[in-house]
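The two complexes that follow have subunit A in common; it is paired with subunit B in the first and with subunit C in the second.
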Partner chain A sequence: MSPGIHEFISIDLPPMLAGTFACLSCALVGNFLVLRRISLMGDAISHSVLPGLVVAFMLTGTRAAFPMFVGAAAAGLLTVGLVELLRRYARIEPGAAMGVVFSVLFALGVLLLERGAGRHVDLDADCVLNGVLEGMIWFPPSEWSEFATWQTLREVPRQVWTLMAAVAVVGVFVVALFKELRIVCFDPGLATSQGYPASLLNGGLMLVVACVTVASFEAVGSILVIAMLICPAASARMLTDRLSSQVVVSGVIATVCGVSGYVLGAFGPRWLGFDNALSASGMITVVAGVVMTLSMLFGPQHGAAVRFVRRVRFVLTIAREDLLGSLYRAQERGEMSLAIVEVADATGGAGGGLAVRVARRRAILRGQVQERAGRVSLTEAGQKEAASIIRSHRLWESYLVERGGFAPDHVHDAAMRLEHARDTERRARLEPPQPASAIDPHDRPIPPG
Partner chain B sequence: MTPQQLPPGARSLLAGRPEHSNLSPLSVHSMTVAYNRKPVLWDVDYDAPAGSLIAIVGPNGAGKSTFIKACLGLVPRASGVVEFWGQPYRAARSRVGYVPQREAVDWDFPVSALDVVCMGRYGRIGWLRPVTRGHRRAASVCLERVGLGGLAERQISQLSGGQQQRVFLARALAQEADLYFMDEPFAGVDAATERAIVDVLRELRSRGTTVICVHHDLQTVPQYFDHVMLINMRVVAAGAIGVAFTSENLQRTYGGRLTLLAEASEAVARAERGS
Partner chain C sequence: MIEPMQTPGVWEILTLRGGHNTTVVLVGALLLGVAAGVVGVFAMLRRRSLVADAVGHATLPGICVAFLIANAMGVEARSLAVLLPGAAVGAVLGLLAIQWMTRATRLTEDAAIGAVLSVWFGVGVVMLSAIQGMDIGNQGGLKSFIFGQTATMSERDARLMGGVALLSIVAVLVMFKQLRLVAFNDDFAASIGVRVALVDGGLMALVVMVSVAGLQAVGMLLIVALLIIPPAAARFWTDRLGLLALLSGVIGGAAASIGALVSARMDRMPAGPAIVLVAGVFFVVGMVAAPRRGVGAGVLRHLGVRVRVHADHTLSRLRLPGPHHVASVMPSGVIGRLVRLVLARRGWIRSEGSMVALTDAGEAAAVLAERRRRLWQRYLVRYADVAPSHVDISADAIEHVIDPVIVATLEAELAAESSAGSGA
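Up next, the complex of A and B:
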């Protein structure tokens, strides 16, 4: 084995694995917190475990992993219970209830720490926030063949095993109880009435959140725990509309964040010519934030960019249809073409002058409109399209007057909007019934369909 | 042990009481419900006639939804016994369906219409078992029955309000229950959905199913339902439309609310004319 690889396995692999496992376990269970809109619960739990740790230490007198874990998990469940009590009886919103509970419990932990166990629980703010990823070191044997021995594996940092177990627990929990979690998050009443008690399942979910939070926060710090409970799930939600794919995607995102965040933190500065590495969990959190931002912007269905493009296209369609409509009306008055300046006025400049200009270009590209010497007129294809728009407009006017009881001089603006809903899906619902006469309320003919 | 926690098959507590029947899909005896020690429902006694469509009517805050939730054990009862066909809820659960108010759930939830309908079958699927293809097929038949066959894969936020209500109805059908509780299925739906719901209710009745609906529109009570239960913190009156849906009972239920009263008396007058 080359020294480079040996160094990587010794210094980088343990924290990278621990960080990634922490991300993965938080992300999987985070899906259900985000869906139930109680994501802050992870934040609350990761802070309020402090008194649990101190009390566990005071009772047992050791800092062994197991009593610490039990104390922390108990404190986590206590948090959940107190939040529920406050929410029910103090009549405050869930966020406020969580805020009150975790700040009080955290403060209680600090007091207990000062009073009793001060020397023995080494807990400083930096460690709580950012964890001790960088402190994990493994001294692996120098030959590949010796890796699989019990002795070697025992020297792998404890956090790696703990977090691997956390991933396994969460994975089994989510896969085995997927259907149950889905129904209880969507409709707790139905779940209970079908024999899946919401209180039991929510309690189970909270227990798993508490375990994952406790297991992760020692290694990666509470900042990363909170980010990982929310970011991958929320990012995945932007990318898919099914819970099953959301869970899978959130797991992929968490893994990518964990690995790439660690690599960027550990090696990124060196690539840029700096000397010191950056905090791995800090970098993972930042990567998660970037992923979240990107998916918010570029998600295929709900992304801001897609929505913006959709809106722009709709505005342009409206402007183009308004252009065709006003040319049609001009023809009815006997003008076969309109000056470009007049068109902008006639269409009311919907969406601003730019939209009108772009829409005119698009109409020309589609062969619906021709432009000659500063004047525009309808082509044969444009004639057909325009008639269809005007038909829609005048049918709506008739409908609003005859069936809706509006006065004839009140319906033009409404019809101006409704006329654009001509896609086949909406047509079935919006297509007005054929009025008795083919004359609209303003005594103009309705073009045949 | 409270009556709610009786093991399946336990002997009926109400069997010896002549005023209740073991054949009734729902027998409520002396049920009182309180939120934060404030009573919401007082001493409710009710026997639902089998195979009928029953409207629960009453002013806002009268405890109509609470009645349903207390029967199903979704809110705790301060006292009283509720039995389904002479059995406690636990034993009869698979025969009882529930349609909550549409606002009760998050319609942005990442599931398809078919997923939601499948949830109606979870009761018979059981813990830790996956939703099989057979259940999905049964669920899609239910979606077709409410006229949404083409929208099975649509994410639920992309459905209109009426379509969402119909998804809930399809989910109830998928439960294949013998007794349904529906909390305002007609609230804020379009005409097509209202017709679809009424058709489904009538079809259910023709198969002997009992449906208990919280209903707000007094005008349509005589048209859609056979029985009525008038609630205002307690049961003011209950029985067949012709007997219980009288202007006097409505006045006692809605006492003091003049606009509603006017509306109610008109509805009664129409019911009396039989139109």
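Up next, the complex of A and C:
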């Protein structure tokens, strides 16, 4: 084994594994918090486990895993219980109840740390926030063949094993109770009426959140725990609509964040020529934020950028169709072309001047409209398209008057909106039945289809 | 062992003789607490309490960037005049991100708050670790913004804090009418011409101001507590907005100044947690003792309803031909004992050993209870379209909570209705 690889396995692999396992376990359970709109419960729990840890330390005097775990989990459940108590009996708004409980508990923890426990042990406020990923070191054997021995594996930092177990527990929880969790997330009332113990499941979910928080928190710090409970699940929610695929996608995102965040934190500065490393858990959080931003912008169905493009296209289509329609109507009046200024007036409704101008360019590019000396007119192809639009418009007017009971002079605006629904899929459903005459309510001919 | 610094006594501080610096810090903390309490009331009523948490966390990257810029420009990088505007910019960017996420994507506000809170803070942590690696002196102070530190607070810093706090108190007073309208009914406010978005924006600006002002004293992680706990504590005591804001300001001011005082007096007592815990004490007192909205009152009310329900049931069982054994007409346990106590105190039952019977007054009370029950049953069948076979269940549940005035109305209605019915 080359020294480089040995160094990587010794210094970088344990924190990378621990960080990634922490990300994965938080992300999986976070899906259900995000869906139930109680994401901030993770925030509250990860703040308020601090006094649990400190009290456990003060009572037992050791930093052994088990008492710390029990203390922190107890504090987590206490938070959930207190929030519920305040919400139910004191009728305090849930957000404020959460804020009161976790900030008081967190303050208590910081104070206890500051005044007693922190003096004797490496438990300090800084590692509460940022974790101790950087401090994880393993001294692996120098030969690959010796890796699989009990002795070697026992020296792997404890957090790696703890977090691997956390991933396993969360995985089993999510897979085994998937159906129940899904129904409780989407419709607690239905779940109760179907005989699912909604409050029991909720309690179980909170217990798992508390356990995962506690297990991860020591290694990666509370900030990364909050980020991982929310960001991967929220990102996945922007990318998919099915809960099962959301859970899988969130797991993939968490893994990618964990590995790439660590690598960027540990090696990124070196690649740029600096010699110090950046905070690994901070960097993982940043990567999670970047992934979330990207998926909020470019999610295929729900991404904001994608939706924006879709809307712009829609506005442009409507403006182009309005242009064709007004040219067609001008022809009916005997004017074969219109001045651009007049067209802008006639179609200024959708998207303002810019949309009208862009739409005119696009109509010219499509060969539906020609422009000559500041005047526009329909081409042959444009003629056909315009006839189809006007047909749609006048059919709708007939329909609204004959079937909808509208007065003939009230249907134009409605028809202006409805005429654009001409794609084949919708045409079959929306196109009104053929009226008896081919004349619209304003006595103009309906172009044949 | 180092000789502890000479600290002024509580009395000296309170009588403003504890040294000029301590006094200024104390007054600054007082103003900060009042401002946070007053602003927090409106944040709570708009259900934006936890946004303040994101605001607090989101200041960190702003502080780091301001530090780096000031350092590059050769300005004294640790002065608050440099760092606080940076903090405010970071917080405002965080707020805008939350707003964009809730408006433009399908994510809900809780996820947006949590994501902004953690990612902004994560960016700040990365920048802090980068700054630590650089060869810049004087960077130790940056971390003190996370947990807060009044001990190192200079007089200028305290004046700045108090000034910003005072400014936000004045702003609340100026905007009070608009804030009140928006807090209670934003649709109505919009309909009479209040620009709701503007008022909300102003409120958030105030939250940012208070959070930034409190960074040095309370720290960015706990500043949210100063904006949430005093309003929640005051909410136990009153339903009137003006009083609520006043009380919340008083609680906030008291918590901040007591906390700062304790912190100044005691070694190893950071100000932020001390202030939050004092506020927590005010909250717990209200929760336990408040007459109408407290948890204690809630539990008592719950108990009272149960006792009344069981008392009515006991009366109607006692009307059946006796003799009656206590165990057969009353529930067991604490509730049963309370029921027996209440009925005996009113002179409605008399007991001999383990046997009980109605007195004459009790007989009358039982008849009344029975009458109420019948009224409800008829009312439900006639007016509320409940099937006759179902009325027993709901009548049993409802008769105990019905107001006597409604009973009278019902009686009148039913009497009129039955006479009209017999006439036709």
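FYI, the second predicted complex is superposed on the first by the 372 of 449 C-alpha atoms of A that agree within 3 Å, B and C clash if a C-alpha of one lies under 4 Å from a C-alpha of the other, contacts with A are read in each partner's own complex, and residues count from 1 in each chain.
As a working rule, a contact is a pair of C-beta atoms (placed from the backbone, for glycine too) under 8 Å apart; a residue touches a chain by one contact, two chains touch by 3 or more.
Predicted, not measured: the structure shown is a model, and the values here were computed from it.
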Next on the checklist: I'd like to know which partner A:185 touches here: subunit B for first, subunit C for second, both or neither.
Outcome noted: first
Next on the checklist: Under the stated touch criterion, which partner chain does A:8 make contact with: subunit B (first), subunit C (second), both, or neither?
Outcome noted: neither
Item to check | subunit A residues touched by each partner, larger count belonging to subunit B or subunit C | outcome: C
Checklist entry - In the superposed arrangement, does A:194 touch subunit B (first), subunit C (second), both or neither? => result first
Next on the checklist: A:288 in the overlay: touching subunit B, subunit C, both, or neither? Say first, second, both or neither.
Outcome noted: second
Next on the checklist: Between subunit B and subunit C, whom does A:298 touch in the aligned arrangement: first, second, both, or neither?
Outcome noted: neither
Checklist entry - When the two structures are overlaid on chain A, which partner does A:237 contact: first (subunit B), second (subunit C), both, or neither? => result both
Checklist entry - Counting only touches as set out at the top, which of subunit B and subunit C does A:314 meet: first, second, both, neither? => result neither
Checklist entry - Should A:267 be classified as contacting the first partner (subunit B), the second (subunit C), both, or neither? => result neither
Checklist entry - What is the shared patch of subunit A, the residues that subunit B and subunit C both contact? => result 37, 89, 237
Next on the checklist: For the complex, give me every residue of subunit A touching subunit B.
Outcome noted: 35, 37, 89, 176-177, 179-180, 182-183, 185-187, 189-196, 237, 240-243, 246
Checklist entry - Which residues of subunit B touch subunit A in the complex? => result 36, 69, 72-74, 93, 96, 98, 100, 104-106, 109-112, 115-116, 119-120, 122-123, 125, 127-131, 155, 171, 175
Item to check | In the complex with subunit C, residue positions of subunit A that touch it | outcome: 34, 37-40, 42-43, 47, 85-86, 89-93, 95-100, 103-104, 106-108, 110-111, 114-115, 125-126, 129-130, 223-224, 226-227, 229-231, 233-234, 237-238, 265, 269, 274-279, 281-286, 288-289, 292, 296, 302-304, 307
Checklist entry - Once bound in the complex, which stretches of subunit C touch subunit A? => result 44, 47-50, 52-53, 100-101, 104-108, 110-111, 113-115, 117-119, 121-126, 128-130, 132-133, 143, 146-147, 221-222, 224-225, 228-229, 231-232, 235-236, 268-270, 272-274, 276-277, 279-280, 283, 287, 293-295, 298-299
